[in-house]
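Both complexes below contain subunit A, partnered by subunit B and then by subunit C.
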Partner chain A sequence: MKLNQGTAMVALLAGFAAAPFLISDYNLRILVLALQSAIAVIGLSLAFGWAGLIQLGQAAFIGVGAYGSAIASMRLGLDFWLAMPLAMALSGLVALLIAVPMLRLRGHYLALATVGFNVTLEIIAKNWQGLTGGTDGISGIPGIRLFGREIETDTGYYFLSLGILAAVVVFAMLLRHSRFGRATIAVRDDEIASGTSGVPVVRTKVVAFVISSALAGLSGALYAHYAHFIAPADFDLWRSISILVMVIVGGEMSIMGAVFGAILLSFAPEWLRFVGDAYLAVFGVAVLLVLIFMPDGIAGRLQAWTRTKESRRV
Partner chain B sequence: MSDAILSVRGLSRRFGGLQAVNAVDLDIPRGKLLALIGPNGAGKSTTVNLLAGVLMPTAGHVVLDGLDLTGQPAHRVADAGLVRTFQNGRLFKRLSVLENVLVGAHARHTTGFASAVLRLPGFRAEEKAMRESALALLDGLGLAADAGRAVGELPYGKQRKIEIARALILQPRVLMLDEPAAGLNSGEVEELIAYVSALRSQGLSILLIEHNMGLVMRLADRIAVLNFGQLIADGEPAVVRNTEAVIEAYLGRKKGSHAAH
Partner chain C sequence: MSQFIQLVINAVAVGSIYAVVALAFEIAYESTGVVNFATGQLVTIGALLGASALVFTGTHFASAYLLVVLGMAVVGLLFFVGVFMPLRKQPAVTIIIGTVAIGIAVQNVAQLVWGSMPIGTKSPVGSQTLAFGGVVVSLHTLYVIGVSALLILGVYLLLYRSALGSQFRALAQDPEAARLMGIRVNRLYSLTWILVCALAGIAGLLLGPMWFIEVSIGEGVGLKAFAAAIIGGFGSIPGAILGGLLVGLTETLGAAYISSAYKEAIVFALMFVFLLVRPQGLFGERISDRA
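And then the complex of A and B:
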């Protein structure tokens, strides 16, 4: 098992390192976007998969990060490496303002609030022309400078996004194996027993929601400076749903599952291009099949598979 | 009864028109075991929920060794040292056996978030100490070999023990066991009796909510009896078991006493 995992890890890293040199420029751009999405997907996996918060507006927090970072760099002249943490903090702060009143209430108030927030933010972005450029969005967002040079190739952005994603994966794994990770999962499994075991339930949920949103903000900031252009349509409710589907298909608890879910679903529209207008229907059926046959997602399926292999060997 | 570690005064809870718990007074003597008994629906579970901060009382006070816990949220009550288990074994199904116990240690950690994600030495030392104490508890309950397993894979009797370990790692000053023998076979009940006796002889104060009178008679230093949300008896086991009201509550009234109704 240990050896298998090690081999799998090496193969995975080799695959990621070789990918930009093996695929077309067009697919490379999709892969860069997928890695950036994966950061927001890991965030949502924390809030939704671990803590059980029904968060239906993750794209809004990606949007806060994207607009925040774009505006900070263009209006205040901040470098990406200053604008990005600022954008993360802004997303986290907005999340805190929403979470504190909503999480004190039981039930599905948070779900409604996040949908409402997503729609509201879209309206604001479309109408506050002076700040956001309205439906035209913001163009000419500066690129990212690294070691004194601006990154100019997709390969450069690929490795930058991969590096940041790797840091987020490590962060999530360290968090998972600490009292905060255990408490977050316990809160969803049994809220009452968590409380009587000494876990502050509301605070744990708020922290999970804020971290999830700050990661969405990071994802948005990377996206804005990579694409150089953002518009309200990039952060609509459909984008939120697609992030949620990435979490579920990957396996709602699994960190690496979130990465695979993001990659798979970023490429799905390309692979399904031949079905034309039937895309949404085919996509919907595919997601349903995943939910029926792999309720624990790709990661859950893999885990079950390695476990049966193990037990057969014994 | 001046040396009570937990004093409950006038504890009441109303659900709409139903007075589920009505002006209950309880004292748990330091280092002793108080059994709270009563027929189904007498208000025992509601009482535990009120004490644990799962439900808010409509009136009354809960004082743990001089500290007023009335109306505090569950995690504060637990952190203060009043810790409970559940009648139907509420474990965290997505966590391993060891992790279930470690969730109980949450409030004992002192290192913060940054220390955890940076794996600073303070975090490592604390995490190691908590793991060791969790493993020691599991070992004492005969669960050492199951530490890494998923809780769902374990038989019911073992699952109930995990809950006790999860409560004990908080280092409670008063342990509340809500029907710990429910669903256990007779061998497991004997093990439970031995374990609970050992805890008490180490000085732990215990509130035992239980149906099984045999178990209660073997463990209790004192017995309190609830019926229809009211305390109808409180005293030494030998006295309580012969109290008229208790016999009535458990066995029904004698024929003649209907006249007085």
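And then the complex of A and C:
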């Protein structure tokens, strides 16, 4: 079984390394966007899957990162590698401002507050012409320079996004098995019990929310400098919902599942092109069916399935 | 001054629709534990069914209204069978996302059936206006306020002055105990969803002649009803009324005197202030009790 896992890992890495040379340019662009989304999805699975926070506004934080990084690089002339951490910090800071009062409240209050926050930011982005360019958005955002040269190909952006995503995956895995990771899950499972066991409940939730949002900011910054263009519609409530669906499809807890969910859902519109205008109806019903029949997500279901298969073989 | 009074009357009309929708949202939450993010889409369906029913009946209002209520009852039953029953044992989060998913699907189906052209509908009281001094209001505005008040009164009588109402409230307090007391819980759940959908649908009907109907009409109404529920406080009829009116006034007066582009942001700002200062709302439950 060890060997199986090892070969699976090697095959996965080889697949990711070979992917840009095997698929069409168009699919490569979607894959790059999927990898960038996956960073925000891992962030959300941390807040939502681990800590149990019903965050329905992740796109708002992706937007803060994207606008923050775009504005910092265009107005202040900062390089991406300075603008991006600044954007992450900005997303984290905004999250902190919201989290401190909101996370005293539970369940549906946070869900409604994050929806309200997402819509409010969208309205501001549409109307603050001077800063955000209004509904026209911001175009001409500079690309990313690496080792003194600007990345010009989709393949280049693919490997950059893959590298950053890999770093985020490693970070999340380390975090998962840290004291903080165990604390977030304890808080989700039972706030009162974990509180009396000495876990600082509110602080744990606030930190999970801030990390989640900072990762969304990172995802947004990457997106802005890759697409060279951002507009309020890229960060609307609908985007938040699709990020959340990526988490659910991947399985709330699983880090690789988040990556899988992001890739699957990014390609779903392509595969479902034959349903035409009924895409959202099919999408909504499909999500409902996943929730009913596979509450652990497709990845969780696959994992359980391979596990039983393996145990049978033994 | 007369302009101000006119604005306030219009705001009260819009606000009473928000109050009805907030009530639909809260009844679903209190009785079934579901935070229904598809509430706005139910309003859309009501408005669109209304437009079609008026065409179908040759603008015979009584039968058109009846058709809408019947149609919404069917929607409620579908919601009960297709969304609530399969998901009711899942964690609250899963159900919330289930309602979001079904809301997306419903809106898309509505778009496929009715198209994306805005539809104008008529009011049973016509399009006349009344003038008192310098204040001009349409008759429909007053009609909306009257019908909403009657609806809310009806819900109050149903919940607090009828045998069925005490069953509803028992269910809201403790479904297990209610079942043990011989209350037919599943039948009551299905009735709840019918009531919720009917209320949202009538709100859509009232909205029709005020705004042009298009498939996204309910989205904004749903969000503002959520804000109204938070401002007024969950689980309280006076809360829903006051919350709805406050949201209507904030939005209308905010659009007139502050900024029409930011009117919704102003409503959410008010909601955030309540979440910060008084999260239980004006008349609400103590929030620490609920997960």
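As a working rule, the second predicted complex is superposed on the first by the 309 of 314 C-alpha atoms of A that agree within 3 Å, B and C clash if a C-alpha of one lies under 4 Å from a C-alpha of the other, contacts with A are read in each partner's own complex, and residues count from 1 in each chain.
By our rule, a residue touches a chain if its C-beta (ideal position, glycine included) is under 8 Å from a C-beta of that chain, and two chains touch if they have at least 3 such contacts.
Since the structure is predicted, the reported quantities are computational estimates derived from the model, not experimental observations.
Between subunit B and subunit C, whom does A:R29 touch in the aligned arrangement: first, second, both, or neither?
A:R29 sits against neither subunit B nor subunit C.
Have a look at where A:F283 lands relative to subunit B and subunit C in the superposition and call it first, second, both or neither.
After superposition on chain A, A:F283 lies in contact with subunit C alone.
Quick check for you: in the superposed arrangement, does A:R301 touch first (subunit B), second (subunit C), both or neither?
neither
In the superposed arrangement, does A:L112 touch subunit B (first), subunit C (second), both or neither?
A:L112: touches subunit C, not subunit B.
What is the contact status of A:L174 with respect to subunit B (first) and subunit C (second): first, second, both, or neither?
So A:L174 only meets subunit B here.
Taking the two structures together, which residues of subunit A meet both subunit B and subunit C?
Shared contact residues on subunit A (touching subunit B in one complex, subunit C in the other): none at all.
Considering only the defined contacts, which subunit C positions touch subunit A in the complex?
For this pair, the touching residues of subunit C are 29, 35, 37, 82-83, 86-87, 90, 92-94, 96-98, 100-109, 111-112, 223, 226-227, 230, 259, 261-262, 264-265, 268-269, 271-272, 275-276, 279, 287-288, 290-291.
What part of subunit B is in contact with subunit A in the complex they form?
52-54, 73-75, 77-79, 83-84, 86, 90-95, 99, 102-109, 113, 116-117, 119, 123, 127, 130, 166-167, 170
In their shared complex, at which residues does subunit A touch subunit B?
Touch list, subunit A to subunit B: 171, 174-175, 178-180, 182-183, 185-186, 188-190, 192-201, 207, 253.
Which positions of subunit A touch subunit C when the two form their complex?
Touching subunit C: residues 48, 52, 54, 56, 101-102, 104-109, 111-113, 115-117, 119-120, 123-124, 126-127, 241, 244-245, 248, 277-285, 287-288, 291-292, 295 of subunit A.
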